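If you scroll down you'll find the structure; I have some questions about it.
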Amino acid sequence: MSSPLKEEKVFKDPVHKYIYVQDRTIWDLINTKEFQRLRRIRQLGTCFLTFHGAEHSRFSHSLGVYEVTRKIISQFERNKYEDWPSEERLLCLCAALLHDVGHGPFSHSIEKTFGTHHEDWSCRIVLGNTEINRVLREVSPTFPQQVAGVIAKTYHKEIVVSLVSSQLDADRMDYLLRDAYFTGVNYGTFDLERILRVMRPFQGHIVMKESGMHAVEDYLMSRYQMYWQIYFHPVTRSAEIVLHKVFQRAKQLFEEGYSFAFMLPPLLSLFRQSLTVQEYHMLDEALMQTVLMQWAYEKDEILSDLCSRFLNRNLFKYVSLERIEAEQIERLRETMEGLGMDPIFYLAIDFPSDLSYDVYRPGDHDEKLPILLLDNKDRLTEISLKSDIVRSISGIHMGKYHLYFPEELLLHSQRQTFAPDIRRLLGID
Amino acid sequence: MSSPLKEEKVFKDPVHKYIYVQDRTIWDLINTKEFQRLRRIRQLGTCFLTFHGAEHSRFSHSLGVYEVTRKIISQFERNKYEDWPSEERLLCLCAALLHDVGHGPFSHSIEKTFGTHHEDWSCRIVLGNTEINRVLREVSPTFPQQVAGVIAKTYHKEIVVSLVSSQLDADRMDYLLRDAYFTGVNYGTFDLERILRVMRPFQGHIVMKESGMHAVEDYLMSRYQMYWQIYFHPVTRSAEIVLHKVFQRAKQLFEEGYSFAFMLPPLLSLFRQSLTVQEYHMLDEALMQTVLMQWAYEKDEILSDLCSRFLNRNLFKYVSLERIEAEQIERLRETMEGLGMDPIFYLAIDFPSDLSYDVYRPGDHDEKLPILLLDNKDRLTEISLKSDIVRSISGIHMGKYHLYFPEELLLHSQRQTFAPDIRRLLGID
Amino acid sequence: MSSPLKEEKVFKDPVHKYIYVQDRTIWDLINTKEFQRLRRIRQLGTCFLTFHGAEHSRFSHSLGVYEVTRKIISQFERNKYEDWPSEERLLCLCAALLHDVGHGPFSHSIEKTFGTHHEDWSCRIVLGNTEINRVLREVSPTFPQQVAGVIAKTYHKEIVVSLVSSQLDADRMDYLLRDAYFTGVNYGTFDLERILRVMRPFQGHIVMKESGMHAVEDYLMSRYQMYWQIYFHPVTRSAEIVLHKVFQRAKQLFEEGYSFAFMLPPLLSLFRQSLTVQEYHMLDEALMQTVLMQWAYEKDEILSDLCSRFLNRNLFKYVSLERIEAEQIERLRETMEGLGMDPIFYLAIDFPSDLSYDVYRPGDHDEKLPILLLDNKDRLTEISLKSDIVRSISGIHMGKYHLYFPEELLLHSQRQTFAPDIRRLLGID
Amino acid sequence: MSSPLKEEKVFKDPVHKYIYVQDRTIWDLINTKEFQRLRRIRQLGTCFLTFHGAEHSRFSHSLGVYEVTRKIISQFERNKYEDWPSEERLLCLCAALLHDVGHGPFSHSIEKTFGTHHEDWSCRIVLGNTEINRVLREVSPTFPQQVAGVIAKTYHKEIVVSLVSSQLDADRMDYLLRDAYFTGVNYGTFDLERILRVMRPFQGHIVMKESGMHAVEDYLMSRYQMYWQIYFHPVTRSAEIVLHKVFQRAKQLFEEGYSFAFMLPPLLSLFRQSLTVQEYHMLDEALMQTVLMQWAYEKDEILSDLCSRFLNRNLFKYVSLERIEAEQIERLRETMEGLGMDPIFYLAIDFPSDLSYDVYRPGDHDEKLPILLLDNKDRLTEISLKSDIVRSISGIHMGKYHLYFPEELLLHSQRQTFAPDIRRLLGID
């Protein structure tokens, strides 16, 4: 059982002004070492190399998701909506707080190289031998399982899952506002208070009153803008590519039996795919950056060069292309090899809309729960059937190919060796 | 010589909206690895453990100081003020950008333990064998010396020094606004634009038009509030104390010949006080946090415990005291020793106003250049002679003693051993 | 000739922080009685009855349009763009400041009833025997003509006209930001500074760098949201309808020779369509509201009732309809007449998208200059050809019919007289 | 009895984001014609002539005071504080909403000339034959008396009065934030949410937890800055002086039997000091401005000139003086008379701190309830005994004399007639 705190605790938060904690369980969870670790993981990975304000951690985002969830539930309770299962309050709050607890440093690059998944780690931490697990078990022996169920989206009540994970969930609402605040752009500033006011629990779903459609449109437009202006920014992508190449090279060297001058046990286990929860705890961004700094002095030149590039923000340049021709890329690879650059580590093609990000697109197979509008005759309609704006964003598969490579490739002395079509490809005139 | 960039570059910044770079020298300095390193040093040290938004780096602050300086100079130039030495523009901008480049991780704690000074390191980096030095030398062979002179406040023109370092300088103006923005408090939000508008170069000084006195009062009140609410916050102080104890313990162990299970070369040089510029470069916050994480598993129990406390934010508690009685403290120490706690590492007395922070107080010996008001008959007056508000803040030596100790000291089982005066001291019952 | 002011003047402005005046001509224009009159005309007409913050005047908006224009030109000059005709600076600034000077109180309702046009009045004031005309003639004898030409969009250089009047002009940029600020919604908050930075004078047009396309999309989305949420708000429309009915009734009474207990000369001239510039000056919102207040006590019951309704915000209710059937409306009229309500003054059908507002829709006949994107090969493309978002907004003819009537019509005692289809129409039961 | 609304109503508000109405009584009060009249009275009188954004009405401020009160009470109820008399909720809300309902146009100038008091009028409206009175009587027959009692500060429970009227009441908290928002200055932006959180009902008082002392200091500093920068701004004072002179002249003419070309009944009753509640209702700012506009064409030259000055913002100039010498002023009067200017209407001495504004100053005879700090041992202390900052503001009687006169007085042709000491007084040369 969880009990209320004697006196409400508050955190000063730039996005929500204050974050209010009223339950002992929430307070105790925040004070576990696994939750505190989120202070050492940046929310936006490599994005700070493009937008220098984006240095905020998953710790502050996780508190924010909790706070948005708390506000939603408190509105449901104040209005005494019958369709709200009030016994699920604490479960929702805990899942909201913990849904990102399994995130590692630079998740995208590491997950891509080593096949880890942060959702799995969130569940392992909730269920494993951890301080978090002990706090949750004090509520009830099965409570950790329930929390893990909500995080894994397998919990049997959709309404609980959808608060934390849907097209219009507490997670997204916090990160759009937060990422906008810290980067300093103002695309993400939709009207949170209004959206909360038109939310309703209805027949097992979270739905929106139709009168709030324009506010939802505005939220979706914010999301659209944030994706294209912030999350898919080509410089951020370039940093992720360089980082991915670092890990790819290190993995290759490890598999070839290369002897690293600097190595730490959690990293070794990552290479061996044998990480324990204990080791995962140590695998934070500080460790990762320390490794990169040390590897900048490794004798393997590719590894050392790639690490220095990342640390000193000497990233890859890019050109935008309408389409990619395999043959042409092949010839570029050959040219690079001729110049002594290994294209495996120095050339990358990126097509952002390939990424599993979630611009709202009904019909996708890893589709999130859609946004339903409730009219004043209690009928539900999926929003893109009513809103031209939403329909127009949903259909957009926009995105250009980006070809990434080191600027040195364009050194004047080298250009002479380029065939005309390679020159065109790289934008050399 | 420095040349203008073909096209102005901009950084998106949450505090100043945009930061504009117009000179190639500034652009090149930002891209050096020494300046990029500032991304790995938090602006407010341990403050993020109290205000979770305070995760911004010295990188963003340094850009901000540059931008404020650029705005001031651009106003001076637009108005063609005769007392402004326009040939010093680039020197001011470079010094503004670089004045913090020598900051290490958690400067306060490290400087206190190891006697380093970040100003010295800024000068060493500017003058040493670094990328920054190479960029500056392209302006002129003596330019690095001039920049170092401004940072060290020895440059012969006061007006240049005072832009970067005075009671109302670009440094303070940026950090108050920035720290307020990232912590989310609104004490720091004075009217920058108005202050810039009433600034004048005048007979070798930077002065303020008297009509802007209220705006300056407002700025000084912001500063007062930021000091007492943010910078001197007892939880932040507690984190600094724990960190200081970590370094004190590690230094002691090192001197006693203890064999560390984990050690890195730059740290070893720090212990030996033999750091090179090269090693200092590697000594960033990532390295420091990695060391703390590894030391959390050292066999020395004090070191291991203190490191865990810092990482998991299990800091010391505190009580506020009007005054400190030596004898009483002595008895507390004895009590702690009796309980097996070494008071050297588990007890601390803190008196924030002892710190060398700079609440505006004319007459202090390490006094900064004062704020002068210029009336419409060209007479100068120090502001506290005209403003009751400023006079009232200047006289305040406020501050209570804080006694820090681990919460475990208050375990019920232990309290029985406490003498009545110790109970009172610790606020038991 | 205009001369610079000895010292820059500033106005504190909530939207642009400060408004800077550097030219004596601008300063003198602001101080004319015709410009000061704009303080007595609300920017958003009846909108304050829906959004109580919307009490700002055309005075502050006009200063804002001037300031945005000043910023654009100052950016053009700083970057020394060759396609910018720098000799047109003062003309642009004056036209920006004065473009709304002919606005009367509650323009929409009055123009609809009496056939006046605020653009015509702006020109009459600029060219007539006014203080404004005298200030402009000091620049050159033909200067008033030029200013009037820009306002009337007949000036021979499109680039000058388009700064003040196009799809992306200083007028719209100020009013979106300003109306959003004063109503308190945050839909209007696009990134002005970024838009200014990607603007270019190019071959006689103002164009946008293609890299700024997302910022322009964001601006157009703001506009879309502001129209549907603020400008077309049905309560605001209701107030305009009531006001229109007031004027319609008064005009009818006037034409029938009714003897008004209260009348003022400028109003009489308005009825007679013989307003002089002198009288127009007196026709401000204060006069209009005083007239409404006095007429609330006229013996004509319809006039008196409609005036009270407006002053006491006892407006008409509305129902939304997908389509309007003439026959049904006819029967409703008859029912109302049977109840003693004259449908001419107590029933109105409104279809907001019929209004001549300007949601961006290329191809409309009163089409504004379109937004052109400039790519890095100096090719121009109209934005909706590149942006799915813009295309999706452009095609929207959205809008429902609204039927307005007094709430009293729905009094229970009256409902029995309603035929079933009238009940359905009015949404009864 | 009052009943809750079926569905909460909201007003969009720029200061509090939304204003929530939950009680039918509040909703009905807002819809009375007496409350709607507040839309036609500006909150800051003549201040819009200095800060053009300050065009907001007493309507929006009154809603804001209601909302702050609602938030305070809702916090008290959520925390179930025992010292809060929960039966007084509706009384507090109604008094908060209605406390300013008796404000007339340009209150300061009119009250100074005609001896009216807005508090008296608030009570007359609450108790008279008004829509407001009818709505209040539905709660209970004695409810209007209770509301009037709170407004008149005679209600027997101090805690109820102090919510609406004390040194730290809902009135001040709203107007500082609101006036700062609409003028665009940022002095007024204290942390409302934090202040609300440290408020406590305690033994019949509203007190502040000592831990919130810095937040209260910040609020008081905001107030100090707002007074000196906004409310006492010499240009605003100049406009009030001109307006006062208008009324003074008109009153004189009226008493002399002058026949006004334009006159309206409510004004006549104002002159005769026989205003009824009905007439007072018509006496709004629109009427006042219409009168000024018509009087600008009166044949009395002084009246006509003063009215034009106000409307066209051709106000009096001023000089600041350390002290006033009666003899010198006498000679200035004579000089003016010699030039044909009547000093009664064209000369004024102003000393802002003479005004009955309320910079926090314990000991004043019209002293408001002081701010009490509650320490953790339940002891109360008046704040200036604990805070140096507050003590420093409290003691300030600052303020210079300002001498106001028409700029024409300084015409070059006239200066020759001035004696040297008059020249010095007026700051000539």
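Per-chain numbering from 1; labels A, B, C and D assigned in written order.
Everything below uses one rule, namely that a residue touches a chain if its C-beta (ideal position, glycine included) is under 8 Å from a C-beta of that chain, and two chains touch if they have at least 3 such contacts.
These numbers come from a predicted model, not from an experiment.
Asks: If you average the CA coordinates per chain, which chain's centre is most distant from that of chain D?
Replies: Chain centre farthest from chain D's centre: A.
Asks: Counting C-beta pairs in contact, which chain pair has more, A-D or A-C?
Replies: More C-beta contacts join the chains of A-C.
Asks: Any idea if chain B and chain C meet via the same residues, over half in common, or different ones?
Replies: The interface of chain B with chain C is built from mostly shared positions.
Asks: Quick one: chain C and chain D, Cα centre-to-centre, how many Å?
Replies: A distance of 32 Å separates the two centres.
Asks: Which integer distance in Å separates the CA centroid of chain A from that of chain D?
Replies: So the centroids are 51 Å from each other.
Asks: Starting from the mean Cα coordinates of chain A and chain C, work out the distance between those two points in Å.
Replies: 44
Asks: In chain A, which residues are in touch with two or more of the other chains?
Replies: 17, 185
Asks: Would you mind writing out the residues of chain A in touch with chain D in their complex?
Replies: Chain A reaches chain D through residues 8, 10, 17-18, 79, 193-194, 197.
Asks: Which positions of chain C touch chain D when the two form their complex?
Replies: 11-15, 17, 31-33, 36, 39-40, 48-49, 51-53, 55-57, 59-60, 63, 181-185, 264, 282, 284-290, 293-294, 308, 311-314
Asks: Can you list the chain A residues touching chain C in their complex?
Replies: 185-187, 189-191, 214, 217-218, 221, 224-225, 228-229, 388-389, 391-393, 395-396, 398
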